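Chain naming follows the written order as A, B, C and D, and within any one chain the residues start at number 1.
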Amino acid sequence: MRTDAADTYSYLGPAGTFTEAALRQVPEAAGKTWRSVNNVGEALDDVVTGRSIAAMIAIENSVEGGVSATQDALATIPGLRIVGEYLVRVNFVLVARKGTTLEQVKVVNAHPVAYGQCLEWLDKHLPAHGHLPAASNVTAAASLLTSEVADAALAPPNITEHYDLDVLATGVENNPNAVTRFVLVSKTRELPARTGADKTSVIAELPDDTAGRLLEMLEQFATRGINLSLIQSRPIGDALGRYRFVLDLDGHVHDERVADALLGLKRFSPNVVFLGSYPRADKQRVEVVTQYDNDAFVEARDWLRGLLSGEPASPAGE
Amino acid sequence: MRTDAADTYSYLGPAGTFTEAALRQVPEAAGKTWRSVNNVGEALDDVVTGRSIAAMIAIENSVEGGVSATQDALATIPGLRIVGEYLVRVNFVLVARKGTTLEQVKVVNAHPVAYGQCLEWLDKHLPAHGHLPAASNVTAAASLLTSEVADAALAPPNITEHYDLDVLATGVENNPNAVTRFVLVSKTRELPARTGADKTSVIAELPDDTAGRLLEMLEQFATRGINLSLIQSRPIGDALGRYRFVLDLDGHVHDERVADALLGLKRFSPNVVFLGSYPRADKQRVEVVTQYDNDAFVEARDWLRGLLSGEPASPAGE
Amino acid sequence: MRTDAADTYSYLGPAGTFTEAALRQVPEAAGKTWRSVNNVGEALDDVVTGRSIAAMIAIENSVEGGVSATQDALATIPGLRIVGEYLVRVNFVLVARKGTTLEQVKVVNAHPVAYGQCLEWLDKHLPAHGHLPAASNVTAAASLLTSEVADAALAPPNITEHYDLDVLATGVENNPNAVTRFVLVSKTRELPARTGADKTSVIAELPDDTAGRLLEMLEQFATRGINLSLIQSRPIGDALGRYRFVLDLDGHVHDERVADALLGLKRFSPNVVFLGSYPRADKQRVEVVTQYDNDAFVEARDWLRGLLSGEPASPAGE
Amino acid sequence: MRTDAADTYSYLGPAGTFTEAALRQVPEAAGKTWRSVNNVGEALDDVVTGRSIAAMIAIENSVEGGVSATQDALATIPGLRIVGEYLVRVNFVLVARKGTTLEQVKVVNAHPVAYGQCLEWLDKHLPAHGHLPAASNVTAAASLLTSEVADAALAPPNITEHYDLDVLATGVENNPNAVTRFVLVSKTRELPARTGADKTSVIAELPDDTAGRLLEMLEQFATRGINLSLIQSRPIGDALGRYRFVLDLDGHVHDERVADALLGLKRFSPNVVFLGSYPRADKQRVEVVTQYDNDAFVEARDWLRGLLSGEPASPAGE
């Protein structure tokens, strides 16, 4: 069967990863081809070259890579757009081959980052265990069925849907509230519709490293009543001390105040990358004071148009 | 002879005042009817009622009244527009009836404010003099010819063009560099053309008296690279502690950055009065960093339009 | 009788002026020598030379001169301190010689500014009147008893305490709520005690006229949670376009946040004049958010001292 | 031999890692016990429990973990201090058992992050290779000597000092300029001496998530002329959308402006963690405009002390 790019979604695989759990939240992806890749670079390359219509990648607080790699890739690869945001709770289970007991576990197979996130539990319940590193959370579990080097593996909770393994313990992670934020990235130029609970992502450089430049950039948002839910400095990479900023704004570019702030940002910054406007995963509506709602923008424009038109004066201050 | 309102200019008279000197700088007023009035209120009333096409009034650092009265009138009388700005050097001469010598001067006729501005010279050269107050700088001199109560008068330098008097001393003012700023006010809705050396005047109220509100208002200008040449708080008058701000911005409302800042100001402030854009009296060109020139605004709009249009992507950051 | 400077207060006289009404509000001045002078310059000169212990002068919205003259004098004469603030309601009465009726009034004697402030009433009730200018509101009334050129005079309401005149009309002013703000100025270095309802006055220059400099100056106050009740730009006078700012801050220099803001202002501005901290005339207590109260300053200092002292660590964030 | 905690430094090992390369830059660590640990958590735990005097950990742009984990650990573990900063260039070599040629390489052993950073070279020169994941950059190389599963390994350039291997290729990383920033963390309360080329690290929470709060926080630095070389938002972890900020300030807490800014930050933020002042790795001197140098702070304090002392006045503006 020939797969069409328009029907393909790339994700950090294989089946069973947290990234796959994020992709399951995308209604449009249901019933389509899901292409498992090995890292963020491959996933975005699929999108750029047209092998896939979209890629799901981790962007914040990930256990599967992502974050810095994702932010830097989005900053430098032209033409990408974020079209959706998804949250996945990052819990782990300890799994083993059928019939294994916890007492029998000597070696634990685990992705290094996952291993660090479960170390408290392991140190307490398996103080004498050894660690065999794996390339991903899923291969750690999968390899239990093909090799006997390890006795158990750390894996996402849904791993047993994919592999015939026993769960020895659940909730073995240090922080049960850990969440990874994923974004769905595509080359589409079509913007997701405004829902009232939206986010807009941009990446911008400062004009120079004079003290106060960052402040000036943020004033572009403050003067339009826009809250930032994420601000992260990332080295540009050409020289030490040069930074770009990854910014998440509350609101959609179809909100007047967001569009106006982007205009201000574009004038201020020598390099702005618009990454898209999309519905927030937490569906929390953006609260705007009346002063900065769409009506205020329309009203101000009408007022200015009146001033410039040479029409008869309206009463002062109205 | 019937005078047409369209041919009449009001000014604080009579002929010979500094205000008249300002009106002489207006080419369009040459050969028209000049209507002498007694104060700023009368002058603006002429404009509002249509008795005159425009009025010349002092707005900063005046010896003939104006300033506060002018600012408050402009803030509250609807439909007025500043269409020109003029500077007049405020120097004084001491004049007397033909044949009078300085030694003979016992009583000096002078407008109270002018008197204060020349007191240093008078105290030094006429330590025993008395002061007879006058209603204006010109009536002080004029009355020398109709009454002998005073022996000399303080007057503008050009007074001898109007009255047959001897000049006993020139440069008698405390500060030889004193300048009064005048504005020509009209009801026209037509904006003076942009010259590149322009000023825009507005009056705005703060939304409330929370600390930092003024700062927020000024950020509207800073984020567009606009310098303020005047900022003055004036009590609104309805309650103590409530202020409006008289602001002069470098630039013309036909400059993109000024128009954009006015939109921002309008959204921020519950009450904005636009007083006009007009050529600066000092003809000093407004220097704008590239970041905030018209091209930057056009470019930013094009960029945003591209983002929203669904057109194929251009390279990142362009 | 020899008057001691320590017992003398200068004010814009003569007895009966609004300035005198302000001086009456000063308990310490009761029973002392009140020296009547002719203008703000003379009043401050009395203080500088030691002729008087203090001078009462108008600083905002005056009908007797003051304001700009006062602000400029305070900016340039070294060693002056504001020690008190007083408000006087600016109402006028029309007075005449005993037995005169309103119908008999042909010529009105009045200080030019007072005349302008009562013109609405005069135009309505005495449409055919003439105006004789006076040097002050009081001399206008006083001269009725020595000359018959004028039939009536505009004067402060308490004028009849000083002169034997009939009141023909009260409340003849255009705006019955007009208030003039006066300050008592002295050379003392002792600060009035903090009351919790205080004001601090300073005058500061901007380092240069770069866009955003004013904003930077105001940030010094915003970052300490300080509200400004007055901000006024005044030309420095050495060159057009160079301004100094007269600022009134809510709070006393003995409030930690005010002292800290003055330090910040001093570092920022090439020229700061501290005019004093003194009780507000309106006795309105200054509300400060907890974040910026004295405790917050003490706590922060303790915290920093702990950091620098090499003492054992306290828990993170405490 | 008994090792004393005061003589022990913890680092992400084993010998040969980039972290070890960072530790080699610390003169005080020469000749002391170096304790190899497996992750940031273990390294900091050594410091907290007193097993080590200090730990070297990656804080920015790491290939060995660190960054987020490091920042979150520093924010939540009380009593830690950064005492030094070190930069290590992140280059890789491809190593193999003696006598192996590039053509013979079928399987490459590599830490997953290192693998991603060298994928461009591998895809080009070894298009058919397989990837065997390793727990660290060093174990990848070390395992070549104990197992024949892999034919080559990615490793830091100095790996051949520790293991008897052949270098098949150098500079195989995607980005030859990649640098990882490391910090040396200890429990000492003694501050490294001010060098003039220093950095101060703090972590602070915003008081609430009102728009403009971040701006207000940054104004604390701008009003003291302080540049930020790093600003990074990190989720606090108690609820989605709550962030703390990791900030690197140019300057030492013994610089007046930095101490003053920390006071301002402490008052503003409900939770500030001071992580220390220490010499910059790049030894770049911090340039301060005169306005904000130490003298300006001393001068301002002297000025304020003079104002409050009741001493005779100095000339205005001095």
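Heads up, the rule we're going with is that a residue touches a chain if its C-beta (ideal position, glycine included) is under 8 Å from a C-beta of that chain, and two chains touch if they have at least 3 such contacts.
What you see is a predicted model; the values in this text were computed from it and never measured.
Chains touching both chain A and chain B: none. Counting every residue number used by either copy at the chain C-chain D contact, over half are found in both chains.
One finds 24 Å separating the Cα centroids of chain B and chain C. Taking each chain's centre as the mean of its C-alpha atoms, chain B lies 59 Å from chain D. If you average the Cα atoms of chain C and of chain D, the two centres end up 56 Å apart. For chain B, the set of residues that touch two or more other chains comprises 219, 222. Which chains touch which is summed up as A-B, A-D, B-C, C-D. For chain A in complex with chain D, the residues that touch the partner chain are 38-41, 60-61, 65, 67-69, 87, 111-113, 116, 119, 131, 133-135, 175, 177-179, 209-212, 214-215, 218-219, 221-222, 225-233, 235, 237-238, 240-241, 243, 245, 250, 282, 284.
Here chain B touches chain A in the complex through residues 75-79, 187, 189-191, 205, 207, 216, 219-220, 222-224, 253-254, 259-260, 262-264, 266-268, 271-274, 291-292, 296-297, 299-301, 303-304, 307-317, going by the rule given at the top.
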